Every structure is written in C-alpha cells, then in structure tokens.
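Before anything else, here is the set of structures, which you'll find just below.
Here come two complexes built around subunit A, the first alongside subunit B, the second alongside subunit C.
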Partner chain A sequence: MTDLISTVIAKYNYWIYITLMMIGLYAMIAKNNLVKKIVGMNIFQTAIILFYVSIGVKKGATIPILEHGHGPDAHHVVHAVDYINPLPHVLMLTAIVVGVATLGVALALAIRIYNNYNTLEEDEILAQIREK
Partner chain B sequence: MNEQYPALLVVVPLLSALVVSIAGWVNKRLCFPVAVAALGMAAWSAVGLLLRVLDEGVIVYKLGGWSPPMGIAYYIDYLNGLVLPVVSIVALLNLIANKKGIEQQFPDKIGPFYTLYLLMVTGLLGIVVTGDAFNLYVLLEIAALTGYGLLAMGEERAPLATLNYLYMGTIGACFYLLGVGYLYIVTGSLNMVDIARLLPPLYQSNTVLAAFIICMVGVWLKMAFFPLHAWLPNAYTYANSAASSLIAPLVTKVMVYVMIRLMLTIFTTEFVFTTLALSDAVVWLAVIAIVMGAVLALAERNLKKMLTYIVVAEVGYMVGGAWLGNRDGMTGAILHIVNDALMTLCVFMVVGNIVYKVKGYAFEDLKGLFRKMPFTMGALVVGAMSIIGVPPTCGFFSKWYLIVGAISSGHYCFMAALIFSSLVSVVLFFRVFEICFYEPFSNHHGHDNHPGGMDEAPVSMVVPLLVVAVILILVGLYTGDIVNHVIQFAIPEAMV
Partner chain C sequence: MKIIGLIIVVVTGALLIYAAADFPAWSDPASPASTYLSPHFIEKTMEETSVPNIVTAVLADYRGFDTMFETTVIFSAGVVCFFLLRISRREEEEPETRYYRHVLTGVTIQLKEGYKIPPSDDFERIDAAWTPPDLIIKTGCRILIPFVQLFALYVIAHGHHSPGGGFQGGVILGASIILLAISHDLRTAVRRMSEKLMAILCAVGVFIYAGTGALCLLLKLNFLDYSALAEVLHVDPITARSHGILIVEIGVGIAVMATMIWIYNNVSSAGRYRQGL
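And then the complex of A and B:
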C-alpha cells in the first residue's frame, strides 16, 4: 500500500493528467448538453498540454536562458541540469493554438445547431430529427 | 526550382489560401483561377518529386537550412512519393469538377469555401510530406479543422454530424499527440528517422509499447476503422458534394498512410511484427470492419450513405493488408491507398453530378438516370467495377495483392472477408444500376410515354469525371510498373 502511495506521489503529474483526461472523456461521452461536451473536449486537450509541460520541468532548474551567455567569459560548459527543457513547452504553444481553434469551430457549430433546432440538448435534437 | 519542390508543395496552397480569401472580397471570379493555379502548382511539384525520387532515391529537405534532428525536415521516399501526386491530383480534379456545384450551392461563400479547400489540401499534403512527428500533428489538425468547416456547410443535419466528427477527430489527434509525447520522453527526439534510430534498444520498454498503441488508436479513430467509424457516415452524407468528394477519398487514405508510416518508418517492422503479437488481433478487427461495412451498406436506401459505408469497409482492406505482416499484404495496402482514393473520388463525383441535376441522392431520385445522364452513369459503372474488383480497373489488382498476402500468411478469414465484400458490392451497385435503368412512374401515365431528352450535368463537371474514370483503368493497366518501380522500394527489405 505504501508502495502504491509513494509511486502515486512520485509521479503525481502523470496521475493529474490522466484524471483530467478521464474527466474530459467522461463529459464528452456522458453529457447531454452540447456545450458541456465541448467543455469536456477542452479539458481533454488541456490534460495533454499539462502532460507535455510537466515532462519539461526539472527540480531546481531555471528558464533556458544561458547565464553569462555574452561577454568575455561566454565560452563555458553549460550544465543541462540547470535549465528546464524548453522544447515541450514550445510545442505546447502550438497545441494551445490548435485547442483554441478547435474550441472556436466547435462553438460555431453549436450556434448553427442552436439556430436549426432551438436547443442544445442532444436528446431533444435527436427527437426533432426523428419526427421529420 | 526543382530543389524546392517539397516546400512549394505546402507553401503554394497555404499562401494562395490567403490570396483567395482576399480576392473573395474584391471579385469572386478571381477565386477559382487562383485556387486552380495553386493546386496545379502543387500537383506539378508532387509529380516532379515522384520523378526525382525514382531518379535519385530518398530526398531529405531541410526547412530553413536547419538540419535534423534540430530542424524540421521534409522526408520524401517511395511511400509518400507515391501518395503525394494522388492527393494533389485528386484535389485538383475535384476542384475543377465542382466549380459549378459550389456556385450553385453557396453563391455568397465562394471565397471562404475555396480558402478552406486550399487549407485542407495544404494540411493533407503536409501530413504526407513531413518527416517530423509533431509537425504531423499540427498539419493533422489543420486538415481536420478545415475539414469540419467544409463538412458543416451542408444540409440541416450537417452541423450536428460534423460536431460529432469534431469530438472524435479531436480525441484521435490528442491520442496521437500523447503517443508522440511518450516517444519524446524515451528518445528526446521528434524527427521520425531519428526516433527510429534511437528506438531499437528500447523495444521491450512499456513506454514504447504504450506510445505505439496510443498512436495507433488515435490514427484508427481518424481513419474511421470499425468500431471507431461511427462519426463517418453521417458527417460525409450530409455535407455538400464538393466537400464530401474531397474529404471522402483523401482523409481516410491519408490516415492509412500515417499508419503505414508509423509502422514502417518510426517503429519499424521488427517491432510491429516481431516484438508485438498484435498482428492477428488487428487482422481480425479488419475482417469485422470489412464485413460490417458491407452489411451496413446493404441496409441503406440512399446512394451517398451507401458509399460512405463502402469507405468504412475499404479502410478495413487497407488496415488488414498492412497488418498481415508480409510483403504482398503491404504492397496491396499501399496500392489500395492510390486505387481507393481514385475510385472513391469517382463515385463521389458521380453523386455530386447527380445532386447538381436531380437535387437528391436517395434511391428513388435515381430513376431513369442512364437515359438522362449517360456520361455520369458511365463513370459510375467504371467506379463501381473498380470497387467490386473487375479487371482491368485498378481495384482488381490491389485486391489481388491483398488476397495473395492473406493466403501466404494463413489469414483465410481475411481472404473470405475480401471476397464477401466484393460480392456484396456487386449486389449494391447492380441494385443501383437497376433503379437507374427504369423510368420514373410519372412518365408512363396516359399518352405521355415518350422519354425525355438527355439532361447531363455541365461539361465542366463531366469532363473531370471522365478523366478520373480513364485514370482508374490506366492505373489498373500500369499496376505492374507502379509496384515494380515504386511500391517495392517503399517496403523495407526486412519484410518478406
């Protein structure tokens, strides 16, 4: 039991992202309201962004700008341990943009659906489709 | 100039999308020529690239001069050298064919429509040309987001169907991104060739296994591999015909390409077929996909929806063929990417012509079409023969390779499923032909018995369709050359 707890605590960032992902997935599958589903989708995407951000982090490290990178003593050994890994963070800038764009398209579609059916509840929409 | 083909392929459609969106405000007539010129340029570059690959082998194009693994490289080998011309030519022919249809359906939205169309093609070409795993994700989302926009411009039910596609597509792309993240944790690289170089000592690692499975599930979701296909039929059926005849042939096929790229380049056949023991299970899934696709198609009374279920079954062909684990099966899968893109384009363009003239695609709308639209229906016959697999159309040859692969790997159930689905296709299409031969009842009332004249779609729609039909037969006749000069080199030698 203590083993389990210590594994969970040691890798808590992964547990958080998996929990968030499952919350998002649950909302997308189980919720009836289209906007709630879209919110679930956004939580799902954010979970993966947090996962990426967390894998770039190092304890005790600083932002990846070289200290004393200029000037006379510019040529010295760079300790990778002192700097966080910037690449996953940079990748996530793109993923955030993608997430925002997806959210925008999804909400635009929700507006179109609302104009067609005057509701955002999925069961009511399906009932209207069946009547036609 | 021909040094820059890989960049032109993506940059020209991307920038012309901007030009088209501005031209849409100035004068709507400018949009179409710009779009055609851009896609023509892309097709020219793609064919030029294929010729260069045939001539000098694999091309690595360093964007901005940054060499991999630090920079992003475009990586063109025999596999994507073959897929690129298919994607760009399908997009170009479909654009030309649908000019009238777009003007008829959205007279006010011509500019935005062409902009989305070009961005979509940019995304698809980028997915195929890139050699960077994360870059592939970004382009995947570009293609997907523009695809949602295109598909939602349709009938009343289109937005809801597209929103369902959006949920599933987003989950699929996120899974792929997560898998790439796992690969990044263990290798520290995003370049496909670099990852493949670093992976072999890690083949036993659980992280690599998780990365592979998560990537595969993501890609299967995007390609509508049964049972993850639920979003596809409605999204493609209710969309406008120009969008569905672009997206139905290309998106699923490009995703199959991504799967094969993952299997052959990133994870290599050694990991996929030797370390993992998943091959049998996936081939069985493919068998179920083919059978269910065929059965669900049989249940439809609506031409377009029937064709969407055929797309689902065809995805089963390609996934099954790729996972058979032998050379013939993989050859069949790659050849079927080409063939299926062309024949799906052919039948969906036929639907586009029918919708343009008849304003419907349910079976009862199709009566008397052989008399009214002989050229369109002639193309439908060629496309149908190709889907059924009648020589000399191209569908026969890829099916032949798939069946040979199934026999030599002992998956007789896969062979049976292929033959079953061909027989069901015979029923499906001959039922459509039968309906199209008979005249509507209204013509037989009283003395008004003389059949009306021809009422064919405009020349600009019929000619590209006939070109596609001729290409279907030509690709069939030149299958031997395609296999011996291109596909043979696309498959690693380790695969027997």
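And then the complex of A and C:
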C-alpha cells in the first residue's frame, strides 16, 4: 500500500500532463469547430510546456540564477545540486512565444476560411467543398 | 468520429501513462535530464560568460543558433499573417464614405465620393462603427502604458541578473501597444506604430541577431561566438560574451514586440485595419 502511494506521489504530475494532453488531442480530433480545434492545440501545447518545466525541478534547489554573481560576495564555487535545470526553461521560454505566433497564424487561417465559406464548422466546409 | 477520437485518445493516454512508469520521480536531482549537460551549464556559466542568469546565458549563447531560428520563426509567423489577411485585402476598394472626427469638439464629418482631409492634429479619421472609448479606461490605460513600457525595457536590460530577457520584454512591450489598441481604438495604435514600421522592426530584430553572429564571423571566430566582439567593445572576451548576449536580446526584443503588434493588428481586424472584425 505504501508502495502504491509513493508511486502515485512520484508520478502524479506526469499523469496530470498526460490527461491535459489527451484533452487537447481529443479536442483536435473530435471537435467540429475550427476555433475549438485551435483551443485544443493550445491545451496540448500547455501540457507539454508543463511537462518540460517539471522535468527541470530538483528537490531543494532554487531558480537557475546564480546568487552573488558579481560584486564582493562573489563566490566562484557553484554546485549543480543547488540550482534547478535551466535547459527545459530555455526551451519552453522560446516555445511559449513561438506558440503565440503560431496561434496568430492559425487564427489568420481561420479568418480566411470563414471569409470563404461563411462558417467555421468542419462538416459544413467539407460539404461546400464537395458541392463544387 | 467522436467515438473513434475517444478510442484513439484513451489508447494513447493509456500507453503514455504506462510509459510514465519508467520516468524518473518528480524533483529527482539524479534524473537523466539533470545529469549530463545541465551541471556544466550551472557550474561554468559564470566563468565562461559572466552572466548570473543561466537561462539567459544558455538561451543566447550556448543555444544561440536555436534562439536565432526561433526568432526567425516568429518573424515568419508575422509575415504569414500579413500575407494571409492583408495582401488579398489590397484589391478591395477603400470605402467611398469617410468619417472624420474633430478632436476638440467631437463633431463627426461624413465625406462622400472619396474626398479626404489631409492628416492633421485637428481631425482624426474614424470608422463607421466607432464608439467613444470609455473615459475611465482611456485615462487609466494612458497612465499605465508608459510604466508598462518602462518595465519592459527593464526586463530586457536586466535579463542578465534577474528573470527576463528579450522574449519576455518584447512581449510586454508589444502588450503595451496592444493595450493602447484595446483601450482606444485600432486606428490610434496604428497611428503610433504604423504597419510599415512593424514590418521593418520585425526584420531589424532578426537582422541584429544574425548580424551579431556574422560580425563574429568577420572577426575570425565562429558564427555567434561573442568573444570575438572583445576587439570591438574593448573588453575581455568573457565580458564580451555577456555584452554580446545583451545585443542579441535587444534584437529578439524588437522582433518579438513588432511581431506581436503586427499579428494582433492583422488578426483583430481581419486585415482591414479598422475597428472590429
């Protein structure tokens, strides 16, 4: 029993991200409205960002900004265990901004589709394409 | 479709949860992600680049190529939005009827058959759907925006020593102009930051980044090896890397700011640059 609880405590964060990711994936597959698909894509992306940030966490460590970097108190011996992993933060920092930019492109495409077909429902768009 | 989707999602989710059993436990200092490369970054950043914020150092120096192409991706996203929404609009004719509002008295004039008033401080052009912005919101945002921009500049300039950098500062700077567009109207924001300026600033930001890299190449070191800038800046190579990161972050900030505003302007008005969709 204690074994099970310790497994749950060690892994529940991954389960949360997987759940979030699957909510996003379901929205992308099953939703009919294009804007809802875009929202699903963003939920998916958020799950991955959370996953990466959680990879960087170390127990008992602080944010990856060196204390007393400059000045009289500067000490030059830095221990890696005192600071969390900066690499996932770097990757996600750019991913968030790029995500916003790609969201803009997705919305621009949605606007163009709406202008052409006067609807954002996928089945209605497909029906209109088949008619032509 | 819904049932197929649900089956796919449940199967994928179950597979991923099964795979998660092999993942390292949360906050484990000995996890694979924290063992090979990241200790080097944490321990050597200070002596190699003299930047206390490891994230900034890794972003702009160790992973400089990655960030350069991320900036290019943002630039292309801005250009794509422009092409999708704006280019096809060019063929649409300007509306025959134009509305102008006298700023002091608030009198609105309607001009038919394509007559125009030359741009001046007395008259501002408005849209048919124009509604007067709320006084409290307008005044509040006018007080707030300069401080938002000041904070953005602080975030860019202080990215070496505190959380921040080009991406974050650029987004805050862009948000300040978007706040202007929301609280007043889109025309006011476009009058301050015109479309042409946005397009140029987007490219200038990427150019500053790539240009810094090319300058290092010209100074006979590798592309984006900022220690080459020591000759130009008259500092030792390690401080030169720190300064090189700052230059690059400024480029990123400019590109991100311009792209955010450009995308907002295009998407919020569907390329019309008028109020509303």
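As a convention for this text, the second predicted complex is superposed on the first by the 116 of 132 C-alpha atoms of A that agree within 3 Å, B and C clash if a C-alpha of one lies under 4 Å from a C-alpha of the other, contacts with A are read in each partner's own complex, and residues count from 1 in each chain.
In the analysis below, a residue touches a chain if its C-beta (ideal position, glycine included) is under 8 Å from a C-beta of that chain, and two chains touch if they have at least 3 such contacts.
Since the model is a prediction, treat every value here as computed from it, not as a measurement.
Legend: residue contacts after superposition of the two complexes on their common chain; A:A101 is shown touching both subunit B and subunit C. Within the superposed three-chain model, A:L25 lies in touch with subunit B and with subunit C [touch as defined at top].
Contact with both subunit B and subunit C is seen for A:P88 once the two complexes are overlaid on the shared chain.
By the document's definition of touching, of the two partners only subunit B reaches A:N116; subunit C does not. Residue by residue along subunit A, subunit B and subunit C are tallied for touches, and C comes out ahead. In the superposed pair of complexes, A:W15 makes contact with subunit C only, with no contact to subunit B. Of the two partner chains, neither subunit B nor subunit C is touched by A:M1.
When the shared chain is aligned, subunit C comes close enough to touch A:L66, but subunit B does not. Where the contact sets of subunit A with subunit B and with subunit C meet, they give residues 25, 55, 87-88, 94, 98, 101-102, 105, 109, 112. Chain contact summary for the complex, subunit C toward subunit A: residues 1-2, 4-6, 8-10, 12-13, 16-17, 20-21, 23, 25-29, 31, 33-34, 37-39, 41-43, 45-47, 50-55, 58-59, 63, 66-67, 70, 73-74, 77-78, 80-81, 84-85, 88, 161-163, 165, 167-168, 170-171, 256, 259-260, 263-264, 266-267, 270-271, 277. On the side of subunit B, the complex with subunit A involves touching residues 134, 137-138, 141, 145, 148-149, 152, 156-157, 159-160, 162-163, 166-167, 170-171, 174, 177-178, 181, 184-185.
Across the complex, subunit C is touched by residues 7, 9-15, 18-19, 21-22, 25-26, 29-30, 54-61, 63-67, 69-70, 76, 78-81, 83, 85-90, 93-94, 96-98, 100-102, 104-105, 107-109, 111-112, 115 of subunit A. If you check the complex, the residues on subunit A that touch subunit B are 25, 28, 34, 37, 41, 44-45, 48, 51-52, 55, 87-88, 91, 94-95, 98, 101-102, 105-106, 109-110, 112-113, 116, 125, 129.
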